[in-house]
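For clarity, chains are labelled A, B, C and D in written order, and residue numbers in each chain start from 1.
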């Protein structure tokens, strides 16, 4: 918080780089991370044939997954934080081959809780889903948890 | 609704079988579907090395995905319905190798809207996430949409 | 947890009685609390003329409010806990004069987090809304919060 | 959509004025509506002694209620629409006497569904809650519903 703007940006990018290096899930799906800044990150993923469900559209779980990834990278720039809960509204079906762009922005940060909004866009920039996640600070295991 | 219990059960299972046959996403992830009944379905998935994120635990997106799959099969037993929105609360981290069991149950059905609860359990039957989905009847494209 | 069933029930009822005595909001709206047990409570409220909105139906805020009250009393039986977040699905309009019954049940309890489901029924027992709340343990003010 | 900017603004304000005239609930609570524009509205409410719960803070139901009111006025500018579902994250307690300002903005509009975000601020402009609502077009009763 007291870091210079340039320094804050550098720390956010470093946190994202370290996290991505270990993130087998995102790498396996071809997800890339860009535009990292304090409280923000963008994830990009192409919908492959393996992501299509019985209605011939992308499985909603994968649309959630790319949004959740952007959220995780955005809140990780604030220190080690994990997703506590999330909700998603699906606005239109997504086809095989479409590239999804999930843009996460911090909306509120209060004590150990953060609220992040992620907009997922498809081809032509139209919104396909709106996601909202709540983060909490990661804790050491304790008798409480 | 007017079908005999045995007939309703048979129609629900048929709907699930047809849907699964086309569901490349679920098949690719090794998800299996069981206990299908009107308004209900259970999905089972093992967390593989490819599903682990930068915190060395299962990517939340995959926990959502198995819950969303159970939800989709449960609401499909009511005719062609799609997910409109969903929310999830993550209760504990999930490790590589754990088998997740997501059990979907219809909670309310009113007009074109349905509410489904999905409990996701890990090894030993402890709850790892609680998911709630809202379905809506699938519509033909129109000037409205 | 180690209390005898009868003792646990008595402690839950005592917690509810103390909370209700100070709860001006619930009292002012004529909300009554019943069926208190560990992790559970039921709230009852009649929709008055002052609760009707511009569409001639009960303001959704009051339907949320009676559900949130049942939730608050249910999670208070687990010690001082507060609502962290909540969601609600509205299933049918509610008319003036209808009595609403909101029944809260604990769904999961994990460390400092709890998940509670509240079903709100109208006349004839039909479901008018489904609510889900997340509680967290109340904390002392700290530099963290 | 094809209206001139000035005309769209006038229609939005007219829709809000008609709705407010019939809205006994909002009037009774002293809620005022301002900054109405297509897809937007702000609601303002002071927390009275009658809104305080057993923890000596504003009942969360009233915080939801003022947010839900802003949401309802904002989506009503798009024609008769009703709340289908909503979620809220509570970020800090609210005291008696505080004035709450709930600012609703349209986030996405797709076919018969809309997504609206409402930020609720207290004294000094700090955020006390984040609300998200989903609207749907009001329908005539039918065999479907």
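The criterion applied here is as follows: a residue touches a chain if its C-beta (ideal position, glycine included) is under 8 Å from a C-beta of that chain, and two chains touch if they have at least 3 such contacts.
Not measured: the values here are computed from a predicted model.
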B-C compared against A-C, more contacting pairs: B-C
Greatest separation from chain B - chain, by CA centre: D
Chain A-chain C separation of Cα centroids, rounded to whole Å: 32
Centre-to-centre distance between chain D and chain C (centres being mean Cα positions), rounded to whole Å: 22
Centroid distance [mean C-alpha coordinates] between chain C and chain B, Å: 28
Multi-partner residues of chain A (each touching 2 or more other chains): 84-85, 87, 89, 110, 113, 134
Overall pattern in which the protein chains touch one another (line/ring/star/complete/other): complete
Chain B-touching residues of chain A, taken from the complex the two chains share: 18-26, 28, 49-56, 58-62, 64-66, 68-69, 72, 76, 80, 82-90, 93, 138
Touch list for chain D against partner chain B, complex: 84-85, 87, 110-113, 134, 137, 144-145
Footprint of chain B on chain C - complex, ascending: 87, 89, 91-92, 107-108, 110, 113, 115, 117, 119, 127, 130, 132, 134
